[in-house]
Amino acid sequence: MTMPTFSAAALASRFGLLLQGEDRQVAGVATLADATPSQLSFLANPRYRSQLAQSQAGVVVLRAEDAEACTGSALIARDPYVAFARIAALFERKPVIAPGIHPTAVVDASAQVDPLASIGPLASIGARSKVAAGAVVGPGCVVGDDCELGEDCELQARVTLLTRVRLGKRVRILPGAVLGGAGFGLAMDAGHWVNVPQLGGVVIGDDCEIGANTTIDRGALGDTVLEEDVRLDNQIQIGHNVRIGAHTAMAGCSAVAGSARIGRHCLIGGGAGVLGHLEVCDRVMITAMSLVTHSIRTPGEYSSGTPLMDNRGWRKSAARFKQLDRIARRLPGSEKDPE
Amino acid sequence: MTMPTFSAAALASRFGLLLQGEDRQVAGVATLADATPSQLSFLANPRYRSQLAQSQAGVVVLRAEDAEACTGSALIARDPYVAFARIAALFERKPVIAPGIHPTAVVDASAQVDPLASIGPLASIGARSKVAAGAVVGPGCVVGDDCELGEDCELQARVTLLTRVRLGKRVRILPGAVLGGAGFGLAMDAGHWVNVPQLGGVVIGDDCEIGANTTIDRGALGDTVLEEDVRLDNQIQIGHNVRIGAHTAMAGCSAVAGSARIGRHCLIGGGAGVLGHLEVCDRVMITAMSLVTHSIRTPGEYSSGTPLMDNRGWRKSAARFKQLDRIARRLPGSEKDPE
Amino acid sequence: MTMPTFSAAALASRFGLLLQGEDRQVAGVATLADATPSQLSFLANPRYRSQLAQSQAGVVVLRAEDAEACTGSALIARDPYVAFARIAALFERKPVIAPGIHPTAVVDASAQVDPLASIGPLASIGARSKVAAGAVVGPGCVVGDDCELGEDCELQARVTLLTRVRLGKRVRILPGAVLGGAGFGLAMDAGHWVNVPQLGGVVIGDDCEIGANTTIDRGALGDTVLEEDVRLDNQIQIGHNVRIGAHTAMAGCSAVAGSARIGRHCLIGGGAGVLGHLEVCDRVMITAMSLVTHSIRTPGEYSSGTPLMDNRGWRKSAARFKQLDRIARRLPGSEKDPE
């Protein structure tokens, strides 16, 4: 398979960049450290600025303030990472997916699959579900009853939409994700658990992306909702009736418990957790492995946990942590009670 | 599809509740905030008491002490959440599943599938496995060799029972769960890992429920065991030879390492962890994202971690945490050593 | 099915052990507490030494220094756990897997499957992928485009290799694992996320083992790499462009963020996290649920977090943690600034 080639001048014109230096042919992309003269690279993070001088890259996408330090050809961008993302997409090798239903797929008679949709091998589509034009249901996916896939959705492989899951347009879901499972609703009755029926569904907005093995439970009453352009990494857990605001991104292994509401443009770090029924306002950043234990009303960055230490030192600090109240009370003029 | 309708008086009689006010027809359930006059709602958590006056719900299930504040029809229950769960189940829309083996399923010749069991599309059943009457193996499930499914078990979709997994009656397993994988048993020999064979199985008691993408390893010697009515949320990891007592519930993303034993009626919070070989007695509650580092012999609530703070304040506290032993030693008359 | 039987003398000769006491027939393995006279057990962990006297085991594998305390037959080993692992493997019941492609599997015309490989029921193999001799692709697995499976690899069931995943020899992958999904690469452009194309692949070295529902993203530029004999437990997340050194083992639910590098012979505890772009040198041990927030240049053990406490005591310590900087400043002659 031959890789496509583009001239730097053509890329500049296509993406609104400024070419500095001679025009060159670009046949691929790579990091500053690895790029060859026929490849394009980028400098976005200042920590890699020192690699610019040694780089063999034929063309480098960078900011105006870094242009002087670049002795070869450069494409000057307001945001080099965004420009690089758009250029790199030209070199992405994507499978050609033909519309139609694979002969090994099992589609319920009451399902509606658009002729321009693609249902892959060994996938199944349940009763009353609808798949719009351009949507792709990859190999081994299970779409249950009463689901809807909007135009150009992509379930990559082995995705499960259990029931009552409605996807907007261009939603992309990675393998192993499970949407629409029953939320964890339990009531204790005479020493035995009773299931609280989970009657709602899941609604996913346009342009959302959901990572591998991520799980999103359906609502108990009403729906679990991701607004548009929410980005979830792998192995995330979203409880029933959660609502996540537009453009929020969550890193891997984070979790939001039932009925919590996360605002727009939030960034939730890897392994972080949000307790149930809390509200987090717009533009909040939670650092990795922090636990949100109260609602957040003010945008900003929030954290919990302790810093990494060598184990010997950590053991001493940890033992003292247990004594903290006693220690504080022994201070001259100490506050008698913690807040 | 038409929704069923019930009179409040009929519900009172069926579930042993007391009707206050006029009898009304109920065609569905909803939250206090969302319910319409044809719907039933409930008040269990006192934090929602203020919503009672404004609610449009036709009927509200509530405690006797809240009845006076309810101006419309009410169903008075000792435990409104349990009563609501039972009523809501009447409105749950469940797929009708016919017994039999779907033509696309692959069933080993030595497997025994009861004629009243259902094996869904694209599922497979391995050698010597048994599926009892009323059990449902959903689309895309893989049941390996030497497994047993008790009466009325439900593997919803894309569940894997790898090998030697025995399920009691009415066990429900959500999509993506994996039971019976080899536990993480390793011995280091001359710089290279050697696998310790995992010869045991997994035994799941009656009425257990296992969430989406949860994993339960099989025992190394002997079995990994969940006693009856254990409830596991999504993305939980249970190591080999763990035993979990009856009626214990674990929230999403929690984990129990190999050979630990958890008691009965415990509640393990989301993201919490229990180290290997520990014992946790009955009626212990672990708060979210805590790590259990020693055995627990006394019922009660246990926690670790630090509270959420704005990042600037947290950085100061975190830096001081590293100095804690030094700080404690500088106190007048200080203890010389942490415990 | 009859279990095989071995004499203790034959085991001693086969694995280079020393037989003490009379020769006995061994028909299985069990723990010291559970073993019968026809079974073999082992004593490796000193905490179980007290069980030796009461054990009914016919033969016990143990160290020379424990031999005197053993009144029955013993096999003396330098490392009893390794010797036990090798002996136990003789009793492992493994399915016999015939080579060939199951009639329900879907194999792309351009894929190359060795005649001595086995493709199980309801599996699919994508374009240009190669499966070497002895490799097993279990039921429900999805192998996408441009993947390679080395000799004797084992994808147990419902494993997904999405695209550009290359496995060395004898790689074993448990159910639900997803390799080769797009890494979480995002750039914010005018309030909307743009995907950064993930053009690389995943390279897994010989003898690696990957747990159930673990996810390993493909590289953005270049590959995500596991060197030989890396052992990953269940539900682990490995970000794009991570590199993990040979013989490193990671326990369940741990995670490594994008572009981090972990050394050789490291042990990463359950639920632990490593932030992106960090470097961890060889022979580092991270305790469970710790967060690695800076690069580690010195071998050793590292930790973060606080010890488990009863909730009442923990609340006091947690409240004081928030005041830590104030407390430290009130000490006589206190340091004015943390860190």
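By written order: A, B and C. Residues from 1 in each chain.
Quick note on the criterion: a contact is a pair of C-beta atoms (placed from the backbone, for glycine too) under 8 Å apart; a residue touches a chain by one contact, two chains touch by 3 or more.
Owing to the predicted nature of the structure, the values given are computational and were not obtained by experimental measurement.
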Counting residue numbers used by both copies over all numbers at the interface, does the subunit A-subunit C contact come out same (over half shared) or different (under half)? different
Fitted rotation between subunit B and its twin subunit C in degrees, CA, nearest 5: 120
Inter-centroid spacing, subunit C versus subunit A (mean Cα positions, whole Å): 25
For subunit A, which residues are shared contacts with two or more other chains? 104, 122, 140, 158, 176, 213, 235, 253, 271, 289, 305-307, 309, 315, 319, 321-324, 327, 331-332
If you look only at subunit B, which of its residues touch subunit A in the complex? 29-31, 34, 79, 81-82, 84-86, 88-89, 91-93, 95, 102, 104, 120-122, 138-140, 156-158, 174-176, 207, 209, 211-213, 229, 231, 233-235, 247, 249, 251-253, 265, 270-271, 288-289, 305-312, 314-315, 318-319, 321-325, 327-328, 331-335, 338-339
Residue set of subunit A touching subunit B in the complex reads 104, 106, 122, 124, 126-127, 140, 142, 144-145, 158, 160, 162-163, 176, 178, 181-182, 184-189, 191-197, 199, 213, 215, 217, 221-222, 235, 237, 239, 253, 255, 257, 271, 273, 275, 285, 287, 289-294, 300-307, 309, 313, 315-317, 319-324, 327, 330-332
